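Each of the two complexes below includes chain A, the first together with chain B, the second together with chain C.
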Partner chain A sequence: MSPTRLPARPGEVIDRDRPLDFTWNGRQVSGFAGDTIVSALAAGGCRVFSRSMKYHRPRGILTADFWDPNTLVQVGDEPNVRGGHRLLEAGMQVTAQNAWPSLRFDAKALTALGGRALSAGFYYKTFMRPRRLWPLYEKVLARFAPGGVIDPDSAPRRHEKRYAHPDVVVAGGGPAGLAAATAAARAGARVLLVEHEHAPGGHLRWGTKRERALGAAVADAARTVGVEILTDATLVGRWEDNWLAIVERDGAGGPERLVKARAKVLVAAPGLIERPYVFAGNDRPGVMLSQGARRLLNLWSVRPGDRAVVWSANTAGDAAAADLEVAGVAVEHVDARAGHTVVAAEGRRGRLERVVLSDGTRLEADLLVTAAGWTAPTSLLNMAGVRPVYDAAAARFFPAPPGAPEAGTVLSTGGVSGDGSLDELVGHGEATGRLAAARAATLAHRLQGATAWAAPASGAEPPFPTDERTPLGRDPHPELYRSSTDGIVDLSEDVSSRDLRHGAAEGFDSVELVKRWTTATMGSAQGKLETVNTVAVLAEATASTVAEVGTTTWRPPYAPVTLGALAGRMFEPVRVSVLHDLHVAAGMTPIGAGQWIRPEHYGDPQAEVRNVRANVGIIDVSPLGKLDIRGPDATELLSLLYVNKWRRLAVGSVRYGVMCAEDGVILDDGVTGRLGEDHYLMSTTSSGAGTMEVWIQNWLQTEHPDWRVRVTPVTDAFTSVNVAGPRSRTLLERLVDGVDLDPEAFKYMQVRLGAVAGVAGCVMWRIGFTGELSYELHVPAGYGPHVWQALLDAGADLGVAPFGLEAQRIMRLEKGHFIVGQDTDALTKAPTAGLKSLIKLDKEDFTGLPELRWALEGEPGAGGPEALPRLVAVQPTDPSYVPPEACQIVATGPDGKEQIVGRITSSRFSPTLERSICLAQVEATHASPETALTVVGTDGRRHRAVAMPHHAHFDPAGERLRG
Partner chain B sequence: MLLVPCPNCGPRNSADLTLVGESEPRPDPAATTPVEWRSYLYEEDNPAGWTRETWYCRLGCGRFFVTERHRAENRFRNPPLGPSGEPPGRT
Partner chain C sequence: MPEQAEFTGPVAGTREVSGTGWSLRDQSPIPKLLVYEDFESDGLVRGHLGVAFGASTTAPDGVLVCGVRPGEWLLLGERSGSVPPASGAVTVDLTHGLAMFRLTGPAARHVLAAVCSIDIAEAMLPNGAVCGASVARLACTLARDDVAGEHSYLILSQRSAGRYLFEALGDAGGSRT
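Up next is the complex of A and B:
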């Protein structure tokens, strides 16, 4: 390696006072602040940066920017870092990818000798058969997989999200984009400009002295008028109504951040991307695009070679030749416009030695710079529905003239729209910015007018401004895609022009097909460099034109996005009850239940069950959904929502109810108490609380807007505590004021209002989910900790102890109470759960009525209730065997074969009965009491079990809870 | 992401709302047939054109409202209507 850094030059972006040390394949090297990884390595004389994906050919710098397909490197534990873009940092450990055992000698390069075997589609053809060998193929292929190495022990990185609401977003900070942003901001718009590179200025940054000065001036003007400029950021996607995804990369400025922006007008000013030329040896290190050579030279003062051939079809190539000469490189200028073409780049061992021209001339050179033309990255415009149209005279695609009204909020300027002098480009940008700001103002007026609570929009809506910009011209350019020789079209995927021709010959003759067959345009550059060459080679192979073949569809993302950026930080709330700290202090084992963190148990759930059955326990049931329902039509509402009747429920009583959806499937259940003539407190399941509120609102707003009833969610307004066990009454007698707890005065399924531990306004209802005598207290939330502690203190001599969800689940299973969503699923209609007597078909209306009528009374052409499965209690014959939930229940069918007749929905070991107990859904034919059942364990073994007469395994008569 | 015109909150991200479905009157539960009822429950016309839809402003005001959307071009027309299809302005 020979150092190629030039003495300090005007315009360079490196800080020579800040050297940075890093390693390259383990060797100590250094660069300067402002260098990219690639520019620093190139300054040290490095020419080979990677091995290609398929043939493991040595590869060097092509574009020296983000899209460079040849300079993806591993940095520490981060694979596939864009070395041409990532700024150098001290201490970086950079290694080459796809090279084994070393970059210089790559064993897999042998595959190049057998290149024919690796032609397009080889993967599909070779590894299809025999199928049984696939695991072996996979193992071998994995070793050839391209890319870096993922370290499973990497420290997690931070990723952020931001929401932005600018009037105008400008994608691209070149001269036209900056001018547009400045003009829009001057016209009063809030403007966000997104620049892919590390600094605004576009191609002016590596241009002449005058160009650099102009670039700095337009960037300064944009900053001065308050344009927000995001650098090292890419606008990766555009969706309806200008919903934009912008990724700010993980640079020195902070963590990677996904910006979700809603813009009124989008200005696409992505500029142009230089296109490689296809010829023999075009992927040899030393073959470079004019932009790559100029960037190395003018941004980082790196001389890319000693003897150069510059093959140029445009002013950018001519400028590269001039720049190289100034830097002391011997330059042979070959003019493509005069018909001269490059046929081959020859050399040995990854070095360019000579260039062969179409007239047979052989030129000694270690650098070949090509300037064959441009690709318009119309991606963002295409996402807005604008079609790319090919112009043969200018040898590139242009966005179709705007047609759809949608296009009125998506404008383009700069190179993607046309050609012109710098003044013309800036002028067009300014006109575009003014138009964008004017249209954004019209849209702002319209949006404000459409928002009921906003200040009224003043005056009439201004007319949607018409586009009166003078269009940019189009410079003529020769169509240069492929020489008379074959070369690599897609350098990231190692797809050659020969592969594409073979693909066309095999029948993959449309661009979308040949793309998928050969994987051309599907690599790291995502078509930015290779799409149009792919189209051109295919056009040649199918004897058609570039315009006829057309381009592939550009889809988001425009640039690769890390999964971390998409995942970002989660904003999912975690909910805890006001008693949470007390549970933690009591040593709870937490469990996530929906959004809630709840105590699963406090050490021993079996002991908690025994204590409730023998003494008294308390459980925090605050997440239980609670809705306060008031109004003259409250009873009507309950009648509509529940399958059962409510009109005759007395004030002071509670009732269990089941709600079904319109398809008859059980939606939710719970108890509702009548607190006053027109006042109810409804409880829902904890997991269904949010859904039920919306469900009820839907009925009130869409079907019965005339009903006088108000529904208020009060889940968080109460701390809910269930006091359960034979000694619960004794405990409450010590704390309750104003309520007669005598069993005759406060019966099972009644509700009372009173004070608990001095806290007034508590709702108490006597219910029995656990099967024990129990009282559910709903205490004003702020007093929750006080009441909880008072219960523990007052009941110490009674053996009171908290119990968790697990103990409650065991006890409800002992009692045979089903849980919606656990013992029922999205197909479980109400009759399945044994609710036949609850369903009142004689009611005028309730949700799910028609389906339940057909289910119970039979439906013409379909079965009656016998067709529905049944929920039954099941006990395994072996009392110590607890079948895991979801185990299948099987039986021998009429054909003698085993068939599935049901499944276990809940199972636990019951400390009360000292045996295993289950709930199961089985077909009606296997649901009768004493039916012998076969449960299939997870290991496939069959276990005998029996269907029980009652859902309740324990106290089926309910004597305990009524006591 | 589409902007959906909520009559209370104004245009909001569609992710803030829930599309309930095409607006269709609920058949009389006393007189309906299985075919009619299940068509109401499960079948949408989903035309490549204008259709009446019910949206729920989930993260905003909590209102259900009816609006018309062109399902091929993904745009709305007319001021949105109230939950039962009445003109806006009530509650």
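Up next is the complex of A and C:
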């Protein structure tokens, strides 16, 4: 038997038939299934579990639960594990935190010698100056950073998400919460109950035999009526319309999971959290809260000490004393209600040896149990706008009476709302559950009626019931916060009552300010143990009352959560063409283009260019946006969207168009083919496909709902393949049916419908982004691989080979075709890109017309064309120098100083011309052909270049693509 | 001329995965026809198809007719008689443009809830319901189409994202219960 493990007791949660071995600071120890790390260690006689954050004082068990600030440990590569909560597993490697070289001999404890100098504000005052030493300060401070060690090589863990839409969410599985959940479920509501601990029941789990029986009964009842109970889970935040974040912790149930729940009604039933008392030595190992002692005794059969002083101000403390006596502990019961207080806990080497009372009595003890009162964790209610109000007679805060904006859908029950017998708490919980269910029913009826796809709501909407619950009472309790001595207020952050007084003296006399100055309430306990004591000490320091000081603002999360839980399972949609697997098999180097994964090249983009220029190449351009536009007003729509004219476009022809926003800035470009009198196929840029669909629908639905036109996105309906090169026609002649490919029958900028490789329903248009004779095939997507392979097979003797995005980008640059978003930016108006001839100012209307008219016809000096930059082709004088994109172009200004006059927007080495080629945006005064330009390299060197007469570096007359 | 073309779906390799209480099948090859009410048809198409936005019905020829938006329907299946009169409808064939997966089984709702943010409880998404929904952050059409009394959902997305969606749904099937 372990030194402090008691014989088997009724109600214990450990399985003595399942011993578990683990290590503590490298030493082999054991516990049982059902133990927490801390209960197993305590059963083995461990008294010190960590060192405190700042002064490295030895720390022992305080609460023996999730909130215990003294028992954070490292488990393997996982830091800051809550040892009072985490269940023991075989093989765990547990080590203490904040101690070096060992927990017993911690060299950093020397900082305690300078404790007075290390008071709150020490860092702010000391490390501000001289500023140049900050990097050194940072290194030193990092060595004193508290907490565990993060291993950057840790294997990634799985984190999950789930959505839930319960009618009622109950936060807290104590007697009132369980009763509320059960009553709500019985009333027909879908109920989700979230319990912080490993099992529902709340404080009944470590209570008397009757309490344990009642706890089990109410938990069984909840399960029986279908309440979904999440244990070892915390409702960490509440936002508008009861949007709730619930974290199910990593454990036997599975990996950590973030549940995003939209509840119609939230019932907060978090119970009460016992509050420590502030006195000299209150952080010494052996000083424990009454609930901590009872948990150790009654859940894990661990005797927390041999000789105890129980200082009690309430029945919970009395019950702890009784439990200890039953367990064979010698108990000295000191009644706080009779005016006795503790002023000091004394001892050596991290052990409690005696307790000093206010009357001078010194009691020998190795355990001091305090029961000084309760904190009502009202934070979930506060997140809903409910204000906490202090009641001095009951010595705690309560949620304000209903009246807050969302009070109708946020209810509370149990200890957070008031006091009462178990029957009264259960009764209040049941009434709350019925009220929650009834209100949820009204909201559900309303929601069903407003949702087109929901089942029809039956009958008339039930009335939203008023709150007719009988409020719980409030038991009187003495106000016990700090003794006549100073002690630690925030055990997570090592903030003392003296620190808080100093903060107030320095002018931080509001609770929000002193919190930030001292970091009180900002540690791992997140204010659950220390907020009210902080408020009380500040009230004392400022000669005000607790009610006047008020609380800090409680914000999400209710309890600390891992970053992994928040990040969760990443959902980042990835899109691939139906040809993707063929590209992979062909050895593509992939590149991300928005959501798409595309082939950048297949090994040698320069060779791919040469092959297209000499033979024929095929490229997968499936991501090109495609919109099917039909209806009698389709032409009107195109005329509105594009800057050029569309009314005379013949059926069977395609036309290039540019769309601008209202400010004349280029939005997108592409070609559109007229397939029928009222039927067009529009293409957009790959990256602009989604935006353009929204843009068009916005115009249709808000400005022209009367237009008879249907726009359907069909990007994914087609596999799009561009067949480019002087031999492209020869290749297609072997595969195309139903289309005369003769250059006189199928001219440049025309569209035909036919079959390719036996696949009917293909759209073919003759366009030339690469500057070569080329055909763009839009094939029903499911047959894309068939057509792709057919092209490769049929053109083997023609030298056909796939080419990727890089080769395409080189060839379009050789040809001088700009790319929206690459050669244009959010300020680039259409005239900049050389589109003056395309913009038809004589059209009745189009998007951006007024602004473009101003840009093209404005008075000199008043925003006319000379004010706009120009897109020009640029060639560096050194043909081997390729300036990186975005390099600046500079010129000497009138003042003799160099000034920026433009930038390189695209640049590549052209394998066709065997020289570097660029596009650039430059000021109009530097855009004339043959203008000498100076390009600033990334190393600062100046490179000479010259502006070219055409955008096209290659085949400016377009003879090849028209061939 | 090359041999007969075969339809290639969005999913690589196996087109069906399953877990405890659920199975997921790629049904992308099933014909899908988008039908708009024509501009002057005055409700002719809706009358013919007999289903409003948010609902679905199975036509006598077995085609599932889904009201995907007001005045828009998606017809899923090999049609023989459910195509509305040409004078009353505008149709666009989306067979190749949409991926379609069927998630079936007693645990199907649980699997879907891991990746879908809307309320899919019985009252909010009964059998026959059709809605737009974000599934694994992808805009999808969701149709509840129970099979032999068992929960079953048709989930349609852009074809190019189908592989991602199939994997995301399969992964969701491995979530904690």
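In this section, the second predicted complex is superposed on the first by the 943 of 963 C-alpha atoms of A that agree within 3 Å, B and C clash if a C-alpha of one lies under 4 Å from a C-alpha of the other, contacts with A are read in each partner's own complex, and residues count from 1 in each chain.
Following the convention adopted for this analysis, a contact is a pair of C-beta atoms (placed from the backbone, for glycine too) under 8 Å apart; a residue touches a chain by one contact, two chains touch by 3 or more.
The structure presented is a predicted model; accordingly, all values stated were derived computationally and were not measured.
Engineer: Quick one: classify A:262 as touching chain B (first), chain C (second), both or neither.
Structural biologist: both
Engineer: Looking at chain A, does chain C or chain B touch more of its residues?
Structural biologist: C
Engineer: I'd like to know which partner A:451 touches here: chain B for first, chain C for second, both or neither.
Structural biologist: both
Engineer: Which partner chains sit in contact with A:595 here, chain B, chain C, both or neither? Use first/second/both/neither.
Structural biologist: Touch partner of A:595: chain C, not chain B.
Engineer: For A:63 in the superposed arrangement: first (chain B), second (chain C), both or neither?
Structural biologist: neither
Engineer: Return first, second, both or neither, reflecting whether A:770 touches chain B, chain C, both chains, or no partner chain.
Structural biologist: The answer is neither, since A:770 touches no partner chain.
Engineer: For A:241, decide between first (touching chain B), second (touching chain C), both and neither.
Structural biologist: Only chain B is touched by A:241; chain C is not.
Engineer: Once the complexes are superposed, what residues of chain A are shared between the chain B interface and the chain C interface?
Structural biologist: Common to the two interfaces on chain A: residues 262, 447-448, 451-454.
Engineer: If you look only at chain A, which of its residues touch chain C in the complex?
Structural biologist: Its residues touching chain C are 160-165, 190, 248, 253-255, 257, 260, 262, 444, 447-448, 451-455, 569, 571-578, 580-581, 595-596, 622-623, 628, 630-632, 708, 710, 712-718, 735, 757-759, 780-787, 789-790, 793-794.
Engineer: Show which residues of chain C lie in contact with chain A when the two form their complex.
Structural biologist: Contacts found on chain C: 1-2, 4-10, 12, 28-29, 34, 36, 39, 52-55, 90, 92-98, 113-126, 129-131, 136-138, 158-161, 163-165, 168, 171, 175-177.
Engineer: Touching chain B in the complex: which residues of chain A?
Structural biologist: It is residues 239-241, 243, 262, 447-448, 450-454, 662-663, 694, 697-698, 701-703, 705, 844-845, 849-851, 854, 859-860, 862 of chain A that touch chain B.
Engineer: Note which residues of chain B are touching chain A in the complex, please.
Structural biologist: Listed in rising order, the residues are 1-3, 5, 7-11, 13, 20, 26-27, 29-30, 32, 34, 37, 41, 54, 56, 58, 62-64, 74, 82-84, 90-91.
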